[in-house]
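The following pair of complexes shares a single chain, subunit A, combined with subunit B in the former and subunit C in the latter.
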Partner chain A sequence: MSGFARELRVLRRMTVAEIVQQSIYRGAWVIYMAANICVPIISLLIWRTAIASGAQLPIDERYVTTYFVLLSLVTMATSSWMAGFLAADIRLGKLSSWMVRPASLLLGFVANNLSEKFLKLFALVPMVGILWWIFRDSMNIPAGPGHWAVFVVSLVLGAILVFTIDLLIGSLAFWMDDVAALAQARLIIASVLSGAVVPLALMPDWSRGFIDHQPFRFTVSFPVEIVAGSLTGSELVTGLAIQFGYVLGFGVLARLVWSAGIRSYSAVGA
Partner chain B sequence: MSGQRRYAGDRAPLDRNWLAKQRRHLRLWRRFFVQALVRETHYRAHLVTTLLVGVVQLGLGIVPILLLFGYTDEVHGWSQAEVIALAGMFQIVTGLMATFVAPNMNRMTTYLTEGELDGVLLRPVSSQFYLTLRRINVAELSNVAGGLVVLVIGLVRSDAGPSLVHIGQALVLVACGIVLLSSVWSALSFLAFWLQSVDSIGVIYLNMVEAGRYPLAFFPVAVRSFLTFAFPVAFASTYPVQALSGDVGWLPVVGGLALTAVAVTLVRMMWRRGLRTYASASS
Partner chain C sequence: MNASLNVPAVIAARDLTKTYTFHQQRAGLGGAVKSLVKRKYETRLAVDRITFGINCGEVVGLLGPNGAGKTTTLKMLSGLLYITSGELDVLGCTPSDRKHDHLRRIALVMGQKSMLWWDVPAMESLLLHKEMYGLGTAEFERNVSELAELLEVQDLLNVQVRKVSLGERMKLELMAALVHGPEILFLDEPTIGLDVVAKARVRTFLAEVNRQRGTTILITSHDMDDIEALCSRVMIIDHGRLQYDGSLDELVRTTRPRKLLRATYATDVDGGALAGLEGVGAVDCDGQLIRLEVDRERTGDVLGELTRLGPLVDLDVADADVEDIMRDLFLRRSTVGDQA
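Entry: the complex of A and B
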C-alpha cells in the first residue's frame, strides 16, 4: 500500500509542475476551448430549428438543449490525447530512462491529462455558463444533488475509460511502427458512437441494441444523458454497472498489453 | 521609383505596369502548382490517406442530415436532397481551401515568429501573395472531386435543372465565398504580427466553418447575418446551392462581389499595418 501512496505523491507533484508549465499558454487554452464549443453550438441551433419547424424527434427541445450545452464540457473532461506521444516515447526510446525511475512513464501522462483538463476547465466553464444562461428557459436541471453526484462519478469513469482505450492504442507501438492512423480512426469512430456529433437518442431504431451497449456510449453520451435525459432509476444503475464493467475490462486488457509490451521492449536509443 | 536612391545602378523596373505584375504573379503561382504536383508524386501514400480521411469526413458530415430528415420531410423549405447537395458544395469549397490556402495559414506562426518572412521580403514578389498561396497540398483536390459527386447526386435527386445563367451565378458566388473565407482566415492568421502565436486561432476558424454544412435558413436570424457578413460562410455553400436550384436573385451575387472587394481591401490594409510592426525575428 505504501507503494501506491508514493505513486500518488509523485502524481501530485508532477501534476502541480505540469499546471505551472502549461499555465504559460493560458491564452491559447481559452481560444482552444472557444473552438471546442463552436460545433456543439452549431448542432444545438440546427436541432432546435428542426424541432421548431415540426420535426417529430423522439426527444424534446429541453433534452436537445441540455445535451448540447453540456456536450463540450463532457467531451473535454473525458478526452485523452496520449496515444501519439506514448507511441513516440516507446519508438524513440524515451521509455528507457523511465524504466530506471521509481515511477511509471504512464504517471507522467496521467499528470499531463489532469493538469491540462484543470486549466481547460477554467476557460470552458464560463463559456458553458453563458450558453446555459442564454438557453436557461429550456434547460433540464435535475432536482437534488443525487443526480449531479452520479453525473460526476460517471464523468470520472468515462475519463478513465477513454484514457485506457487511448493507452491501449498507444501501447501497440511496442509492436507497430505507426499508430497514428489507428489513433485517428479511434477519434473518428468515437465522434459518432460516443454521441459527440448527434445525440445517440436520435439514432435509428434498428441500431438501438448495439448503440446502447457499445463502449463509446459510456465515454460521452451516458454522463450527459444522466443530466439531460429521463433515465429511470434502473436504467441509471444498469448504465453505471456497464460503464464500470467496461472500465474494468479495458483496464485489465491495457494492463496485460502494457506488461507484455514492456517485456518485448528492446530499448531503442539506450 | 524615380525619387528613390538606387544602389545597383540603373535598371529597368521588374514590371512595366500593374497588369504585367499580376501576370508575373500568375506565372509564379503556376510554378508553385507544378512544383507541388511533382512533390506529391513522391508521397503516393499521402494521397490515399488524404482521400480516405476526406471520404470519411464527408460521410460523417452527411450522418446528421440523414438522421434529421428521417424525422421530417423538409426544414424551412429545404429538402433532404438539397441539403445533401449543399454538403457536396461545402466539401468542394473546403477541399479547395485545404488545397490552396490551409497549408499556408498553418505556417503563419512559423513565418512571422521564426523570421522566415525576412527571406520572403527580400524577394521580388508580393510578400502577402507569397505567404498566402506559396504552399499547395495537391492531395486535397481528391476531396473536391468527392464533393462534386455528392453535389451532383443531391442536385439530381432534387430535380434541379440549372440553366447556364444559374451555373454562372453559382460559380461567381462560390468564387466570392472562397475569397471571403480566405480573407477571414488570413485576417485571423495575420494577427500573428501582434499575438506571436496564432495556431490556436486557426482551430477556431476550422470549427466555425462547420456552420457551412447547413443551410443558412437553419439558423436563428441573428446568426444568419453573422454567417453572411462577419463570417461569410453563406457564400460558400447556401447561396451557390440556391443559385443552382434557381432561386437566388441577383442581389446576393452583386452583394457577394461588393463584400469580397471590401474584405480583400481590408485584409490588404491589415497586412500593410502588420508589416510595419514586423521587427524580424532572426536578424
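Entry: the complex of A and C
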C-alpha cells in the first residue's frame, strides 16, 4: 500500500472515530451554530435597513443579502481551531504518543476539523436554508453549476489556507512558551480582513489594493464574492490563482517551521 | 551482534549525548518583568556519552533517580528526541528519522500518557492501529483475540476508555501498543499508580510477551518489584552517565555482598556471641528474633551456629532488598554529586 493511500485510510478511520466521539456533544453543535448565524443575521438586517433608508453604498441590497446569508456557512467551512490544541500538545508533550506511530502527526487535527464540520453542517444547513427561503427574492443566485463548482473549489482552498495558517502559528509553540496571544491576534485581524464582520467591498477606496490582495480575503470573502456575483471572469481567475499561491506559500512555510520545530521538540513529561 | 550470546544487537548506542537549552526565570513579578527584556539561557547535559548495546529478546531495566537521564535516553531510543551527539542505531535505523518501516517495528507505552482515545471504546483505537500499521483483518483479529485473552480484557474492548479503571486502561494501552507485534517495546513507568494486583498482572503479561514473542523490552520504573520480576539486566544512569550495566544479581552481590539471615526461636535466646564470629556484620537480637548480616561464603557456618542457639521456628536467608540497595546507591551518589 502506498504511503498516501495508507494515510488516507488512517484519516478515514480517525474521522469516523472523531465523529463517534463528538456526536456525544450533539446539543453543543446546535448552540454553536445558532450563535454562529446570529451575527450575520444582525448584520444583514442592519445593512438592509441602511440601504432602505437611502444609504449610498458601493453594493446593492441583493449583494448584501446574498453575502450575509452565505457568510455563516463559509465561515464555518473554512474555520480552524487547531493552533491552540497543537500548541498545548507541543508544550505538554502530548505529541509524543503520536510521534511513535507510523502516520502523519497532523492527521488527528485534520480528522478533528473534518468531523466537526461534518456534524456542524447538520445544525447549520437547516438554519441557512430557512434564511435562504425567507430572502430568496432578494438574493443573487448564480445560474448553472459552473459558479457553484468554482465556489466549492474556492471554499476548499480557503479551508486549507486557514488550517495552514493555524498550523504555522501552533508550530511556534516549539520555541515560544505561549502562542495564545498570537492565535488571538490572528482571529481578531482575520475577522476584519476576511470580511466576516463587514463585506470587504465596503472598505475605503484607498485601501483597495491591500484589501483585495491580502491573504485573509481568500479565507471567507472571496468564496462568497463568487456566489454574490460581483466578480468578472478575469477577477475570478486571478483570485483563484492568488488563493492557490497563498495556499502553496503558507504550506511551504508551515512545513519548514514544523520540520525545524520537531527537531527541537523536548517531549516534556513523556 | 553480541558474539558471546550469539544474538543480534537490536539497539546500539555509542557516546550518546543529549543537552537541553532552557531559560531561567526568577519567581515573582520582578523576575517576570526582567525576563521580558533579558533572559538567561542555560544548557543542561541530560545524557552524557553513554555507550551500550541491547540484544534481541532481552528485558532491560533502565534505573536511576529522578532527573538522572533515563527517560531522556528512552525518548532518544524511541525517536522522540534528536540526539545532540554520538551514534544511535535501533533495528538498523536512526530513530529520530521516524521512518514508517521503523515505527512499525517499535512501540512506546508511557504510564502517564495515553495513546487511547478517551471518549470512545478502545476498539476504535485498535482499529485505527490496524490502518496505521497496515494489518490484514485476519492478522488483526487474531492479535486482538490473543492479547485480550492474555490480559483478560475481552469485556472492556467496547467500553468507553474514560469509564475503565486505571489498571484496566493500562492493560488496554499495552494491547494497543502490541497489536502490531513490535520487535522492541519501550516502557516508561508502565505500572505507575496501579494497585498490587494490577501491577502483578501487567508484569506477568510482559514476561509472557517476552517469552512467547521474543519481544525486546526496555523499561524504566521506580518500582523495584517490576525490575526484579522482569529484568535480566539493569542499567543504572545517574547524572547522565551510565554507572552500572549488568545483571541485577551481580549488582546485589557487589553493592551488598552479605546475606541477610533472620532466625525466629520458640523461646528467648542470647545471640551476643554471634557478633564475634568471622564474617558476621551487624547483629540485632530481640528476644526470640535474631537478624544479622553475614559474608556469603560464611553463611553455612553461621547457620550451624544459629541452630545451636535454641529451638528454631523459622529461618530465612535472603539477599539485600533491591529497593534498599537502590535507595542507598542513589543517596550515596547524590551526596557525592552535591559535594562535587
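The definition used in the following text is that the second predicted complex is superposed on the first by the 269 of 270 C-alpha atoms of A that agree within 3 Å, B and C clash if a C-alpha of one lies under 4 Å from a C-alpha of the other, contacts with A are read in each partner's own complex, and residues count from 1 in each chain.
As a working rule, a contact is a pair of C-beta atoms (placed from the backbone, for glycine too) under 8 Å apart; a residue touches a chain by one contact, two chains touch by 3 or more.
This structure is a prediction, so every number in the text was calculated from the model and none was measured.
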First, second, both or neither for A:34, with subunit B first and subunit C second: first
Which superposed partner A:101 touches (first subunit B, second subunit C, both, neither): second
Which of subunit B and subunit C A:65 touches, first, second, both or neither: neither
First, second, both or neither for A:115, with subunit B first and subunit C second: neither
Touching partner for A:171 - first (subunit B), second (subunit C), both, neither: neither
A:219 touches, of subunit B and subunit C: first, second, both or neither? neither
Which of subunit B and subunit C A:56 touches, first, second, both or neither: first
Subunit B versus subunit C as contact partner of A:154, first or second or both or neither: neither
Partner chain(s) touched by A:75 [first = subunit B, second = subunit C, both, neither]: neither
On subunit A, positions contacted by subunit B and by subunit C: none
Subunit C-touching residues of subunit A, taken from the complex the two chains share: 1, 3, 6, 9-10, 12-14, 16-17, 20-21, 24, 93-94, 96-97, 99-103, 263, 265-267, 269-270
Residues of subunit C touching subunit A in the complex: 20, 71, 75, 78-82, 98, 100, 103-104, 106-108, 110, 112-115, 117, 119-120, 124-125, 127-134, 186, 188
Residues of subunit B touching subunit A in the complex: 49, 53, 56, 60, 63-64, 67-68, 70-72, 75-76, 197, 199-201, 203-204, 206-208, 210-211, 214, 218-220, 223
Complex interface listing, subunit A residues touching subunit B: 28, 31-32, 34-36, 38-39, 42-43, 45-47, 49-50, 53-57, 181, 184, 188, 191-192, 197-198, 202-204
